[in-house]
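The block underneath contains the structure these notes are about, expressed in structure tokens.
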Amino acid sequence: MSMFKRSPWMVHYDGASCNGCDIEVLACLTPRYDVERFGVINTGNPKHADVLLITGYINEQSQPVVRQIYQQMPDPKVVIAIGICATSGGIFSECYNTKGGVDSTIPVDVYVPGCAARPESIIDGVVKGLAVLETKRAAWRIERKKRNRVFRLPFFKPKASPP
Amino acid sequence: MSGWLSAILYILLAPVAGGLIAGIDRKLTARMQRRIGPPIFQPFYDLFKLIDKENVIVNLYQNLYLTGFLVFNIVAGTLFFAGGDLLLVIFALALSGIFLVLGAASATSPYSHIGAERELIQMMACEPMLLIAAMGLYLLPHSFQVRDILAVDKPLFLYLPGILFGLLYILTIKLRKSPFDLSTSHHAHQEIVKGITTEFSGPALAVVELAHWYETILILGMIYLFFAWNPWVAVPATIGLYLAEILVDNTNARLTWRWTVTSSWLIAAVAGAGNLIVLFYFLKAGF
Amino acid sequence: MKMTYVALKSLFSSPATANYPAEPKTYYPGTRGHIVLEVSTCTLCKICEIRCPTGAIQVDREGKAWSIERMKCIQCGFCVDSCPRKCLSNDPQYTSPASEKITDRLDVPYEPPKRKPKPETPPA
Amino acid sequence: MSNRTIIPFGPQHPVLPEPIHLDLVVEDERVIEAIPSFGFIHRGLERLVEKKDFQEFTFVAERVCGICSFIHGMGYCQAVERVMGITLPPRADYLRTFWAELSRIHSHLLWMGLVADAFGFENLFMNSWRIRENILDIVEETTGGRVIFGAAKIGGTRRDVTNDKLKEIGRTLKTIEAELHAITDVFEQDYSVQQRLRGIGILSREDAFDLGAVGPTLRGSGEPMDARCEGYAAYRDIEVEPIVESDCDSYARCMVRIREIYQSFDIIRQVLCRMPDGETEIKVKGYPNGEHFARLEQPRGEVLYYVKGNGTKHLDRFRVRTPTFANIPPLLKMLQGCDLPDVPVIVLTIDPCISCAER
């Protein structure tokens, strides 16, 4: 049995939201909601994270940042778009500076609606995301067996160069 | 013979005990913050997940250094539990710390570099007190061997209260607890992201966690030495002192490195060295 | 030192956590969760479609349907305020997260009143 | 023998959840200079006035920022109402003041948590946010939203609160206030907190004034300036004394905010006592024609709204000058010469709300 379900570490990025969803994401960590019950830790470091929570839509300036965070996260990983802005641009979809929702830049696995998304709804979204993470892990393990990349000391040269 | 047995037990059981301690620590921390907190086995879930994850290698030497970190932590612990030389234990521990610093410094991230620098500063703050503690423990049995110290039939903590206090002070640094979680932090967020562990991911991070568990058990063993004349006192005392560390972790802000170095050296000089000198003359006078 | 008191008091009092997924949350009656349409009184007047700030509501007069894109609605309740027949209302339960963008389409049985055929003007 | 490096701070950073990017030029661990770059959250919502009609635009104005959302909506409505020459029924004014002060308490509690997180005091963060949840409960019960209140409307408020409910809220607030004392005492007295706040991020009174600081940042430097003294909404009946600290450091700004929380509790008490009966909204007829500047006090400081109407349902111009926007030059001044561990603390003592600043 895999442990991804029990220990999803998250990283949170505020695309271009109004802060409403951001503080609700943070509120999930606090005593009333306490997502650490499910093993969620807000690592703040993409390299440690399994789940990327994005609030707000994507604009010109934040697009490379979001892409970079997504690429820095090791596989398997899940992206959860929090709030209406992250889903579709919401009330700002007609602004001149939008690129659209998060799915305009990186693939999104779960959409959490709400303006601002309620903490309960975020918890539900993360739980949904974990199911996706599980399937992604299965697919990724098959991939990894092909590439055969394991923890290796420097004097053992890798068989295949990493992509 | 029993020394080797306990060393093997250490190698096998320390990860289990260390993980459990980490789990209880997290649970208690959560309760102190009025949360329910994660399950007690959460650290094991985290560890197995990290092993399962993709290993993004920044450069291949990182793995060598991290292996060194783990191995020398285990070596230090094994020496300690086999009843070996306390000085060797402290040096092996320092060496493992250096390996971690090298691993962090081998990456290019500025956060990781600053974390490595801070880790060095923390080690600089710790080492004098650790050496003074070794000297203090030497005074009664006239031996640096852990098995000789264990054999002393006197309550060492009454002879070495200042050194015990100083050791507890730097244990906060060693266990990476607030107010001294400078180079990396388990929970609260800091300006250098994850500091020394920023560039480690997946299995590499799992190695760091595992090494920390070994280290925790070794540190608890060191506290145990001070109460070793009676196990019925020693076990509750060690547990109690660890709980006190958790409480301190929860009731302090993170302080700066200047404050850390100044205060820990001050305590090493006043409490540690003072205790050492007083005890030395008392013993000389024949008490 | 003040914090020690707070921490110890917290340690020995029950956690403030609402055990959410295990115990369902009860909402205040006025909470804006999602928009509900009472189909029987809707007259497909299109005012909600015009008023909606995000354009989430679509009213199809020909197909006799009222649809809402749940992943676009910001629950402002402006449609509820401006509905002339009061057939829209707020339900406290939020829309649950999903992997696709959901659109709810409701069939409205409203029959527009037959206009009386204009009396044929007698040829002059 | 100094080693000059550049450390990026943000846009994705665990301490500050909002995307601001600072390039910190660092010598060892001392910050020489902070070079900001913006635009990660720029939406251009001021231009939406061309697309949304002036009543719909209230919802856009509320989403300038999710933390001080109500005051943004209220300020926009107030500006439009002045343009249209609408006088609100007194109950609407009082309800607006009630919600504005609630949002001030919730925002300051949120800030207390974040600054505690910035200096690594996780327990304090958790406790501040735990108390904040109680405030949010009141907000949700009365307005229907947790962070986006959605209660302001041109011509009044969208909801009314029954007098019984208001009495009950008054009692709840009393217990919350009692609980809060334990937390604010920690900020005031705890040794390690003082170590991290006192003497950090000095902003002299002259600098604060010259660089255009507003709100608690300015008042922490000893300048008594509070837009609530202008007497908008119910503040015309309620005496508001600007809270001033003269230490000019992070601790002073922290104390200003903590004392403001208690002041807000006091204002809410007065509002609840004097709450007049009657209508909460009046019918709005016609379209705005003319222009107006509205000044309001947000949790983060003074905010300006400029509205220009042309007699159609779309406004000509809408402009916000948010407090964080005004507080960024003082921030950069404070960051010069500080230590790296103090950067998050200093950044947070202006209570940055980047989504306000970039709109």
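Should a chain be cited, it is by its letter among A, B, C and D, assigned in written order, with residues numbered from 1 in that chain.
Here is the rule we go by: a residue touches a chain if its C-beta (ideal position, glycine included) is under 8 Å from a C-beta of that chain, and two chains touch if they have at least 3 such contacts.
Bear in mind the structure is a predicted one, so any value in this text is a computation, not a measurement.
Counted as hops between touching chains, the shortest connection from subunit C to subunit D is 1. Across all inter-chain contacts, the pair with the most C-beta pairs is A-D.
Note: centroid distance subunit A to subunit C, computed from Cα atoms, is 28 Å. Note: centroid distance subunit B to subunit C, computed from Cα atoms, is 56 Å. Separating the CA-averaged centres of subunit B and subunit D is a span of 43 Å.
Centre-to-centre separation of subunit A and subunit B, using mean CA positions: 33 Å. Residue positions of subunit A with contacts to 2 or more other chains are 30-32, 34, 37, 42-45, 91, 115, 118. Residues of subunit C in contact with two or more other chains: 1, 3, 6-7, 10, 15-17, 53, 74-76. Multi-chain contact residues of subunit B (touching two or more other chains): 30, 32-37, 187, 189, 193, 250-252.
Within the complex formed with subunit A, the subunit B residues making contact are 26, 30, 33-39, 42, 45-46, 48-49, 52-57, 60-61, 63-64, 67, 187, 189, 193-194, 197-205, 207. The part of subunit C that touches subunit A in the complex is made up of residues 15-18, 20-21, 25, 53-55, 69-76, 94-101. Of all residues in subunit A, only 2-4, 6-7, 9, 30-31, 34, 36-39, 41-45, 47-48, 50, 72, 74-76, 137, 140, 144, 149-154, 162 touch subunit B in the complex they form. Here subunit D touches subunit B in the complex through residues 5-9, 13-15, 29, 116-127, 130, 190, 192-193, 195-196, 339-344, going by the rule given at the top. Those residues of subunit C lying in contact with subunit D across their complex are 1-3, 5-7, 10, 16, 28, 30-32, 51, 53, 74-78, 81, 90.
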